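Letters A, B, C and D mark the chains in the order given here, with residues in each chain numbered from 1 onward.
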Amino acid sequence: MLAKDSTSHKIAQRAAQEIKPGDFVNLGVGIPTLVADYFQNDANTVFLQTENGQLGVGPSPMPGTEDLYLVNASKLPVTEMIGASYFSSADSFGMIRGGHIGVAILGVLQVNRLGQIANWAVPGKAIMGVGGAMDLLVGAKKIIVTTTHMTKDGKPKIVDQCSYPLSGTRKVDLIITDYATFSVDEEGLILEELASEVTLEQVEKNTDAPFRQSATLKIRSLD
Amino acid sequence: MLAKDSTSHKIAQRAAQEIKPGDFVNLGVGIPTLVADYFQNDANTVFLQTENGQLGVGPSPMPGTEDLYLVNASKLPVTEMIGASYFSSADSFGMIRGGHIGVAILGVLQVNRLGQIANWAVPGKAIMGVGGAMDLLVGAKKIIVTTTHMTKDGKPKIVDQCSYPLSGTRKVDLIITDYATFSVDEEGLILEELASEVTLEQVEKNTDAPFRQSATLKIRSLD
Amino acid sequence: MKKLISSQEAMALIKTGDTLMVGGFGLVGAPLTLIYALENAEHATDLTIISNNLGEPNRGLGKILRAGRVKKAIGSFFTSNPDVIEYFQKGLLETQLLPQGTLSEAIRAGGAGIGGFYTKSSAGTLLSENKEVREIDGELYVLEKPLHANVALIRAFRADSLGNLTYYKSTRNFNPMMATAADIVIAEVDELVETGDLNPEEIITPHVYVDYVVRSEIKLGGARVG
Amino acid sequence: MKKLISSQEAMALIKTGDTLMVGGFGLVGAPLTLIYALENAEHATDLTIISNNLGEPNRGLGKILRAGRVKKAIGSFFTSNPDVIEYFQKGLLETQLLPQGTLSEAIRAGGAGIGGFYTKSSAGTLLSENKEVREIDGELYVLEKPLHANVALIRAFRADSLGNLTYYKSTRNFNPMMATAADIVIAEVDELVETGDLNPEEIITPHVYVDYVVRSEIKLGGARVG
C-alpha cells in the first residue's frame, strides 16, 4: 500500500471530490481503488459497485478480519455496507452496460487529444487483459480518468494519438492527474485546474496533446 | 374442472406414461396441465417446470389452501415440491430455449402431416396469444402433443397442411389423442397405438393427413 | 424512506405518449395498486403498454384500453382480453405479439445494454415476418430488439429503505427485468423493512434499479391492505 | 446424495480436446479442488479453457498451461499470468480475449439458447476486428457469439441433495452462467445440506443445471478442509 501522501493518493483524493451523495460508482484497478478512502460515506449515500458482482462495497477490512471470498475488481479484500447485494458477472455487466452506474473511475495507460483512452494492452509486453474496462467505458454515465501525468519513464501519458490500442471510441469526461485536471468536450481537452505544485508551463511541457484553458482555471485544493 | 373419466383426462393419463424418473417436464395450458395428476412422484424424481418461473411444481392444492400468488402457466394454483426454486421469466426461458427441459407437453389447434404444429392463432378469431409455446417448441428436447383427435365441430385436428399459422418449423416427437398415438420421423406420422375404443378405420377416416403404421402397432392400455 | 411515494404521486410521473412496462403474469405479480391508480390517471393517454397480457375486458389494463388511452400493446398473450383483438381489428390499437421468452429477453436486453439478440423462437412463423432472420450453425434465428420504457410499474414483496427488492414465489416473473429497463421504476411492495433486514444474497433487484416505492393496497382476490 | 462424486471421478468425465469452463474471478469463486484434480488428470490434454483468467505462473490453471495441455484460452484478463503472453507469442497457445461483460454474457447466451447478441463493448477497438459490427440507433455494436463447453467446473457454497446451489458473496461471479452452458456441470461445494434446507427464493442455480457435486477440499489461502 502506498503512503498516504504519495502521488497516487493525492490523485485519488481529488477524484473523490467528484463523488456526490446518491452516486453509484465503479472504481477500476489501481489509483481508482484508492478513491474509496477519500470520501465520507457515513450516511451510506454513495454506493460502490464492483464488477465482479457486488453493490454496496464497504471500506477495506481491518487487518486480520479479511474475508478472502469478498473482494473488489482489484481482487483486494473489501467489506459489505448495509444494504449491499451480490449478483453474477452477467448481471453485473448488465448493470454496467445498461447505463445504471453513474460514475466509473478508470486508470489508463494513455489518453489522446480527444479524450479517448488506452488501458488494456501494450503491444509486445506482458499486458494482455481487458477485464471490465471496455464495458465500463461504453456503459457508465460519467467516466473519470485518474492517472499520473507521466509514465515511470518520465513520458507524458496525455498524447496526441495513443500508441497503445484504444479501449473504445467514447471520450472520457474528466481527466485527473497529479499535475492537472482536464475536462473534455467535442473538440478535445480543456485545462480546468492546476495542482498547486506545478506551473502552467510544466503542464504544457509534459502534455503531448493540445489543450485549451478554461476561462475559470483554478488552482487545485485538496482540503 | 373436467370429470376424471373425460376424454381430456384419458389423454393426459396416456401422456403421463411418457414421463420417466429424472425428467424435467414443462406442461402447457389445457390438457397438458392435467398430466400432473397422472404420474406418481412420491420420490420427487420428476421435476415440473412452469415457464412463469418455478421448478419443482407440486400438485394442485387442497381446496381452501390455495396460494393465489403461486400459479402455473395456466394461471391455476399449484404447490411447491421440496427442493423447488423460483426465477424470473428471462431465466425461465433461458432454461427452456437453452435445452435444459427434457419434455414439453403442448396443446395444439392443428398438427400437419410432418408433425409441425399450430397452436397460437386463429385468423379472424379472438385468439391472439403465443405465450411460451414457440420457445418451448424450439427449446425442449422432446415435444409431446396432447389433443383431442377432433375439434368441437367434429373436424380432424391432424391435417395435411395447417390452415392456422404454424408455431414453428420443428416437428414434434409424439402426438397423443383420444383416438391414437403417433410418432414422427423425417417423412411424417407413424401410427404407434390405437385407443381401445376406436378402430383403425375410424382413425383413418378422422385423420386428414397420411400416416404409416408402425410394425409394432399396439392397443393403448391405461392401466 | 426516501423513495416512498403514494400511488397518486406515482401517476404524476407518467405522461401522455409514454411507454409503460407493467409487471405480472395475468394478475399474479401485477402491481394492482398502481394499475388501479393508472385507471384513474386520465391525464395519461396515448400509451404504449409492454406487459405479458393486457388485463381482461374492462378489468385492470383492460379498463385503460376501453377508455381509449392505449395506443399500442406489446405482449405475449392477449387472448385473455378479447377487447384487444376487437380494438386491433378495428384499427384502434397497434399490437406487437412476441413469444413470451422473447418478450422477457427483450426487456432484459433493454436493461442490460444489449443492442439485439438472436433467438430461434418464432423463426419460420408469421411472428418473424419483417424481422431479420439468419442462419447460425445450420439453424434459423430471428433478430429481436431490446425493449425500453419511460416508466415501469412493478410488484415486489419486500423493499428495504434503500429500495432493494425481493419477490414472492411466482410473482417474480417479468418484474426483475422491467426494473432494469425503464427510465423511472416504481415498485409496489407488500412489506417495507429496514435496510439490513434483507439477506444480501437473496436480494433479486438491487436498489440501483428502483426509483420509487409505493405501498401495495390491493391484494389478489381484491382484498384491500391496511 | 445421488450426484455426489469425488474429484477423481469428476476428472474421468473430461476428455482430451474438450472445452472446459472454469469458474472464478482470480482464485475467488474458483473450484480449487477440481482445478487441483485437473492438474493431476494428465489424460486430458489439448484443452480449450474458458475462464476469466488462466491462473498464475505454474499455479492453478497456469500449471496445466506449463504442462502443455492447453490449446486455447478464452478469457478477459490474462495479465495475471505472464506465461499466457509468452506461450501466445511463441505460437504455443491460441487466445481469445473478450471484455469481461462480453465473456459473461456470451456464457449466459450459450446456456440460454441465444444465437448471438450485440454489445457496444469493444466496438472500434482491436478486439472487434474480424467481428460483425453494425450500427443500431446511431451507435456501433459488435456481434458476439455464445460460448458452450463440454464440461463446466464451478464453485458454489451450499448444495442440497438434488443439486440446487447457493453462492457466497463475491464467489458468485461466473459460476451461475457456466452452470447453464456446459454438457456436464460439476459443482464443487463447501457445504452439503438436505433438500428443503435451502430457501427456494435464494437458490441461484436450480438443480436442473447441475450434474455432479464434489465436496470442496481446498479453501482459499490453501487451507485443506475435512
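Here, a residue touches a chain if its C-beta (ideal position, glycine included) is under 8 Å from a C-beta of that chain, and two chains touch if they have at least 3 such contacts.
Keep in mind it's a predicted model, so treat the numbers as computed, not measured.
S.K.: Identify the chains adjacent to both chain B and chain D in the sense defined at the top.
M.R.: Common contact partners of chain B and chain D, which must touch each of the two, are C.
S.K.: Of all the other chains, whose mean CA position lies farthest from chain B?
M.R.: A
S.K.: Please tell me whether B-C or A-C has the greater number of C-beta pairs in contact.
M.R.: Between the two chain pairs, B-C has more contacting C-beta pairs.
S.K.: Using mean CA coordinates as chain centres, what's the gap between chain A and chain D in Å?
M.R.: 29
S.K.: Could you give the separation in Å between the centres of chain A and chain C, each centre being the mean of its C-alpha atoms?
M.R.: Result: the chain centres lie 36 Å from each other.
S.K.: Measuring from the mean C-alpha position of chain A to the mean C-alpha position of chain B, what distance in angstrom results?
M.R.: Centre separation, chain A to chain B: 55 Å.
S.K.: Which residue numbers or ranges of chain C touch two or more of the other chains?
M.R.: 105, 108, 112-114, 119-120, 167-169, 200-201
S.K.: Where does chain A touch two or more other chains at once, residue-wise?
M.R.: Residue numbers touching two or more other chains: 80, 86-87, 93-94, 96-97, 138-139.
S.K.: Connecting every touching chain pair, does the picture come out as line, ring, star, complete or other?
M.R.: other
S.K.: Identify every two-chain combination in which the chains touch.
M.R.: Here the touching chain pairs work out to A-C, A-D, B-C, B-D, C-D.
S.K.: Quick check on the complex: what are the chain B residues that touch chain D?
M.R.: These residues of chain B touch chain D: 24, 44, 47, 49, 55-56, 80, 82-87, 93-101, 138-139.
S.K.: Over in the complex, which chain C residues touch chain A? Could you list them?
M.R.: 108, 110-114, 160-162, 164, 180-181, 195-196, 200-201, 203, 206-209
S.K.: Which positions of chain B touch chain C when the two form their complex?
M.R.: 50-54, 67-71, 75, 80, 86-90, 92-94, 96-97, 121, 125-135, 137-139, 165-169
S.K.: Would you mind writing out the residues of chain D in touch with chain A in their complex?
M.R.: 25-26, 28-29, 52, 76-80, 82, 84-86, 88, 95, 97-105, 107-108, 119-127, 140, 167-177, 204, 220-221
S.K.: Help me check something: in the complex, which residues belonging to chain D touch chain C?
M.R.: Touch list, chain D to chain C: 105, 109, 112-120, 136-137, 139, 141, 166-169, 199-202.
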